[in-house]
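These are the structures in question, set out in turn.
Two complexes are shown next, each including chain A; its partner changes from chain B in the first to chain C in the second.
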Partner chain A sequence: MADTSTNESSTEGDGEIKVTIGSAADCGLDRDSASPKQAQLPLRQVPQPIVNGGSKVWDITERFTQASQALKIGQLVKDEYFTLFESIGALEIMDPKMDSGFLQPGETLEENYDALRTLLPEEVLGIMDQLLCYEMAWHQGYPLSQTLFTSVYIDRLLWPEPRSLEEAQFYRGNPGRVTDALQDVLRAYCLGIIKSCDFVIGKITSRDYFEEEDFCTHTYNRSLFSKVPHDFVLHELEIAEEILATDVDDIDETVKAAINCRLEFRRNFLVALSPDYSINFLDKYWPPVSALLPAIESSHELARVVPDAFSTKIQRRLTSTVPPRPIVELEFKDAFAKLKQLCEDCAEATKYTFLDPAPEEYQSFLWAFASRKVQPSAYARSYLAGFVFAGDNEIFEGLLRDDLAAMVFPEDQVLDPINWTIDAPRNPLFPKDKRLQMASIIDDFTNRAVQNYVELWTALCQNRCRMRRMLCHSLLAFDQLQSDASILDDELQALTSDLQQYPLTTWVYHLKLRQIEWIIQLGFEQDIYLPDELAGMYLFLAKVAETRNRLLSTLLEFWEQRQKRLEKGKKVDVEKAAKVQEGKAYIEALLAEAVGTEELSAALSSLYTLLSYLHLLPQPPRPFSSPELRYDLRTKPFALLQPVEIIPFDTLTTHIHPFGPHAAPTSPSESIVKHLQQATTYQPIDASVKRAKDAFAKLKKLGPKAASAEGVKEQWSGRVQGRLFSCVAAGVAVAGLRGMAGELVSTADAEGKLRVEGVAEGEGEGKRYHEWWIVPKVVKL
Partner chain B sequence: MNNQEATAYLEQLIGRSLRLYTSDSRIFVGQMKCTDKDRNIILALTYEYRQPSEATIRKTVESSGNPSAQVPLMSRYVGLVVVPGQYITRIEYEESQFSQGTVVP
Partner chain C sequence: MSNNNAPTDIADLQYVQYQGSKEATYLPAIRQLISKDLSEPYSIYVYRYFLYQWGELCYMALDSTSLIGVVVCKLEHHRSGTFRGYIAMLAVQETHRGKGIATKLVSMAIDAMTARDADEIVLETEVTNTASLKLYERLGFLRSKRLHRYYLNGNTAFRLILYLKPGTATKGAQQLGDSGEMLPQQQHLEPGYGPSVTPV
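Up next, the complex of A and B:
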């Protein structure tokens, strides 16, 4: 049985390792010629190899089958390093849900659209616009396989992989073939699209992004002309424009103009997307692209669709692990809106490079950009992040020092540039110059903090949901940083007494508190908290803002002292005093914002508490959770912070559950109603709203310059105005409740008489004055 | 063939290049990783080959004018796959330069 006949023919085939099956005919022929030889040896069956181009192949069907039958049930013969876990990832062949090569009976593998057929000019227009729709669908986050790669034309250009741009033709092979002029035009447009995609992927992958959450960069083993310089593609587009002008003369002029403006658009778009930009001309890239958009929109009606030119079947030839999925259809209207927004967002992003180089200005810009009405797409965000992170960590160390100067070291000797120019004494026993010591403490701090600082900036460049999650991580890093900073503060304090107390810690702590506020407020924006949790979360926010308020008040005192002292000094000092006064406005703006946040949150918390007892807030059934556990969950990101920021649940309860649980109060209904009818109940709320309004009004008066938002004045003013409106709305809601309370006999009455709007999930989206402030609307029925 | 022989026979094929022909006329070429009593076979680093459709063959013959023109098989990379035993119609072992003589087919 055990015959060893393989060696006899081993000399024949060596050399090629790579085995390819040349053609179907090859295999068939060899198989036939092998079988008669086997028949000549009936008694001692020696398997014969099929020799094919230097490699040998044996038919082992029989023996393999026999051997596998002799295995025990459950016995696996396997590679010892191959694990069950890995095997789960294997695709099951012939399973219609997994096997992308599986064909239903009668189904053909390939589409039968002829890419070389003569096209009408209107059809060319139709295909171009359809491609644009798919391109935008891809920008929205759908994979290429379901969008652009469904185009037969694009497929022809990309596969088999062309070695040069010249080879990328709708016909393959057969050089020198004469093609139709319109085909050439369409080809150039497709090349432009492909190269644009390459740039987009390059830009997005160079920044922090989340695959499939933000964007799909998968190209299914197709190369998108990454190695072809984009000038070549631009040249193709220019030639196409010429061809259109000279060789195509028997078509309607309006259609011709429509095709031409699309080519022109593609050319400008490609230039704008190019990663090689000149910083001086940055404001010149996007306007020409935007300028061509109206012409595209208005001429779309001339287009005639060619549905056959797109097919899901192409997906089978892609390196993909899933069977074909449907094409993502995006209406031209929506796709166009998307494109328009992309151009606007990118044009806006270029403004970043023209800002005053101050960290606060930059951050205001990032916030304004992230808060744009329609969220900027992954590309636009990466485009902006490209400017933000254009330099290395040194730039951020510089920003960090500027940030420190603006917060805690007003015209301070600690950050005097002179300090960095002093050499260490040659004799190590000599005491070091104090200034040098200060410089090295600050260097220690920036070295330690810069990574966390960069991460914070990274978070601000993400999509809104991701931003919140990343801030939660950044928060913990800053918590750690805070305790480290206190050590350096002690060292600084030993060198000079002329300091804000614990300057570095103050800076870190302030930023930490701001991050907590952002996390909570982004939670409101993203409807993370349910309506009946709002009272608790606003109370928490009020407490955090109060802490920040106290911190900033002390800081402001210090700034004022410093200003006064400098004013009394020499001429140089008086000049410094003016600078301190200028910088002080920033602290004042921060303080006004903190006070406003504190007061408005406190007012809303009280208002929501009252509304809860009237059962006016939607309350989902929650058989398996308790308020305490839910509160634990909501405050989890803040649980580890030192000092403790979370309000203990017991304290929280006394504030928001003064009459016992909302659903089943322990106090009698009448006493709650009585409480609601007393004027004293509303006085503190009204007072809070008023104080909040005053604080935001003060912020408005201080203006964007004080708040370091000069670059985004309009958005900044809009958001402050939104806060002011939120205060007014809160006042109206309180008045509405008070007006109705008199008519109530028991808490159960309220449901028939009042309705609360703008609170339930999704209801407030886009309707709030400011996304961070969920202000209820109390409506009389 | 007893169980011991069978196991030994199959074990020598682990990591070797196999060609599996399936009932829908496709060929899978990859490294064998695992098999069992039902002849289910897991292949790694697999390529799928498929006969060109009749239409393609006709077109090639027409365009070249040569009735015995070569039409290449269509291939694509599919990675790690499990081919259920019931669909396998033919198994071939492909000898590589490095495994010469080490496997008894």
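Up next, the complex of A and C:
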């Protein structure tokens, strides 16, 4: 109930609580009837208000103390809207860890660094590089209050809010004082940083992002020169370069060059961050920034730190409702690596605009970008999203139609542009032209589907954890869409028999199945599944991929039929046949990938099942859980899908528990060992691994063009190679187990003779050939 | 109550349900024990938020003089439609770790929530806190999702879930809403125990 929003109450620490008329009523302190005990309080005279300016202040300390005695210790007076969030937001004044205004004996309220002290050139360099460290820490997701806003120099420029750029000076509040050349140089650099931050916030907030998870946009009521055109700031930086060249002559040339390259960097960085870019020169913005980085890195050793120029005390003036928090220290080499990464990621992102304008190409690019070794930062992702979502929904409706054409309408009359040029008959009693009807069915579909489609693309632009969570939502939306699509398919089918069966449903269903696969595979990547869950999860993945395999096989047959038929036709049809043949490669690539996924998953599921009976995978006792309940939890994101995709519990159990529960098998140990020693046990697993390898090899041979990943050839090839290596590793693991099985007498023997690596917590991190494939290593002891 | 560090025979420990009437006895020790491993202390309101409303879901391990361990929970209807338990804080004195005290406390909390008809129990823990993950996973919790930069210190978390009743999944899945609590980061509770809790 104490007001912690004013510094006076907390810093003076006199315990006096000031309440205005409004808030006294809100607190319920005047409502004596609120509790029977309160009603017994003696009536007192209302104290005279102290009139202070326009507001009236009553001293209610005594009343408050008395009233609060009616409460039991620990009793919480709250309404139903008082949430955990609010309780966590509460601060206890006079607790040094919570009360940012608390002063230790002898401590001053404000930092006492003199922003006008003379700086050595090396110190200017030190401050510039320290600012860069904090800027990168901020990019990582920490708030400005713990990073850049701890700088006294930045603080002087931003507060009180300057009315113009000229007013933003280090000597504010000290009229009559002037700055020297080096201070002017530092000021320009700071202005550049502030405007950079403004651009960064503008970009990130214009896209889908999660505050505090991805990034902190809070500026604590400071305006980061949002209204100042960036040309003005660029001009300040240019002047600073001139000042440095002409007015600063008694300093070491190497230091001078170091300062200069930082100014130059800041100028180029600011230009690259600017939202006003020219689409034709997009490949020209980031290379100059990156080009200046080596000079910054190599000259950092000249820098001399000025720790006093940064202080957490500034936080007191930023906000009083947050506890004092430490400065986030990022080492220069780490900050520099982040900066380098940021520039590379942004340069990479610009390539999006130069891709073949095909939805499959775009999506391949988004996957490759999200799968970069170091996850791109929130800014880099927003920067890319800026290109992806540059247009309105109409652009996505176009992409959606292209997507349909590439999957289910090969050179098809349904998507013939002519269909959209036909007028409706004047007399509504006349039948509409079939082509017009087709166009309106497709329009109905794209109108209905575009939002889901956009959301799927949005998910692909998120951080990896969020991507998996958003795909779970998107999946349910596509499930709904699937049932709607089947109605439109019936309408299409009534107009023409020359169609892939249920084309729209096929398209939706395929994308839905892919999303299920992605969710499971991102689960493997993010260590969501425990080692003893792998057999079941890979079995589920195999089943989903098998369904997709069947769907694509049927689709491929249709493409082939159409190609053959067109080949026999007129010249114009023969040309179309060639296009169908070209487009068919995409379906083949999808099919190869689905088959590889199905087979490798099936092999891994079998392998993990065998390893489980040898007690080579950790199996928690789980006294509070049951296999059925865990099954419910695991299948939750997929439980409501139509048609049913999840494997029924009993079927799953039969598959992964062929000898009863892993920890307490119902079959005797000898018969399990016997099973493990039979060649027939391994033949189907080896066969699966081989089929997986063949499928991924086929995908590799089809190449990035067929897979619509021309724009990200290298990453695409790397990931296909990773899948191939995973197959090889799986084959080695199967052979390893088989080789050892002959030496076993009972299942309990295995523990001393074999070890499974690469499966437990953190073991796979960065060591897998492909993040989606957890392949065990069976090691002989 | 004090938090002394003298090792005690765990056989002598008493496991006690929290009582609101003894706040003055217990709360200072609980706060001290939990704050030890936090970068930022919780205000008294956070403790009272839980203890005043769900004191019966708080269990303490006590020796003759001091508080050795504590678990703090809540149980309420979640917007997904389930009756959801939440383990908010768990702490055991450093000198007493590795003896199964945390496991015992959590087990008691699970039993208490089960008796009150909870559908499920959830919690978050840092992805790097192996000891904590092991503790909960041994009891039956599974990881449901990874939460990017969940804690104030920038660390990522796993959400762990334990279903207690059949049908919980479909109860929760009837809505499109996220099964997680999508509140701003300040809300997130830091794990109330150090990185070296080792269950027995």
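Following the convention adopted for this analysis, the second predicted complex is superposed on the first by the 673 of 781 C-alpha atoms of A that agree within 3 Å, B and C clash if a C-alpha of one lies under 4 Å from a C-alpha of the other, contacts with A are read in each partner's own complex, and residues count from 1 in each chain.
Keep this in mind: a contact is a pair of C-beta atoms (placed from the backbone, for glycine too) under 8 Å apart; a residue touches a chain by one contact, two chains touch by 3 or more.
The shown structure was predicted, so the numbers you read here are calculated from the model rather than taken from an experiment.
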Partner chain in contact with A:Leu633 - chain B first, chain C second, else both or neither: second
Partner chain in contact with A:Arg317 - chain B first, chain C second, else both or neither: first
Touching partner for A:Ser497 - first (chain B), second (chain C), both, neither: neither
Chain B versus chain C as contact partner of A:Leu71, first or second or both or neither: first
Partner chain in contact with A:Glu211 - chain B first, chain C second, else both or neither: second
Contacts of A:Val57 with chain B and chain C, given as first, second, both or neither: first
Which of chain B and chain C A:Leu91 touches, first, second, both or neither: both
Touched partner set for A:Arg622, first chain B, second chain C, both or neither: second
Contacts on chain A seen with chain B and repeated with chain C across the two complexes: 72-76, 82, 86-87, 89-92
Interfacial residue positions of chain B with respect to chain A in the complex: 1-3, 5-7, 9-11, 13-15, 17, 19, 22-24, 26-29, 33-39, 42, 44, 48-53, 55-56, 68, 70-74, 76-85, 87, 89-98, 100-101, 103-105
Residues of chain A defined as touching chain B within the complex: 1-4, 6-7, 10, 13-17, 19, 21-25, 47, 49-50, 55-61, 63-79, 82, 86-87, 89-94, 100-103, 108-110, 112, 221, 316-319, 321
For the chain A and chain C complex, residues of the former touching the latter: 72-76, 82-92, 95, 97-98, 140-142, 210-214, 323, 325, 463-466, 468-469, 473, 476-477, 526-530, 533, 620-625, 628-630, 632-637, 639-640, 761-762
Residues of chain C defined as touching chain A within the complex: 20, 23-24, 27, 40-46, 48-49, 51-53, 74, 107, 110, 114, 127, 130, 133, 137-150, 152, 154, 156, 158, 161-170, 172-174, 176, 178-180, 183-187, 189
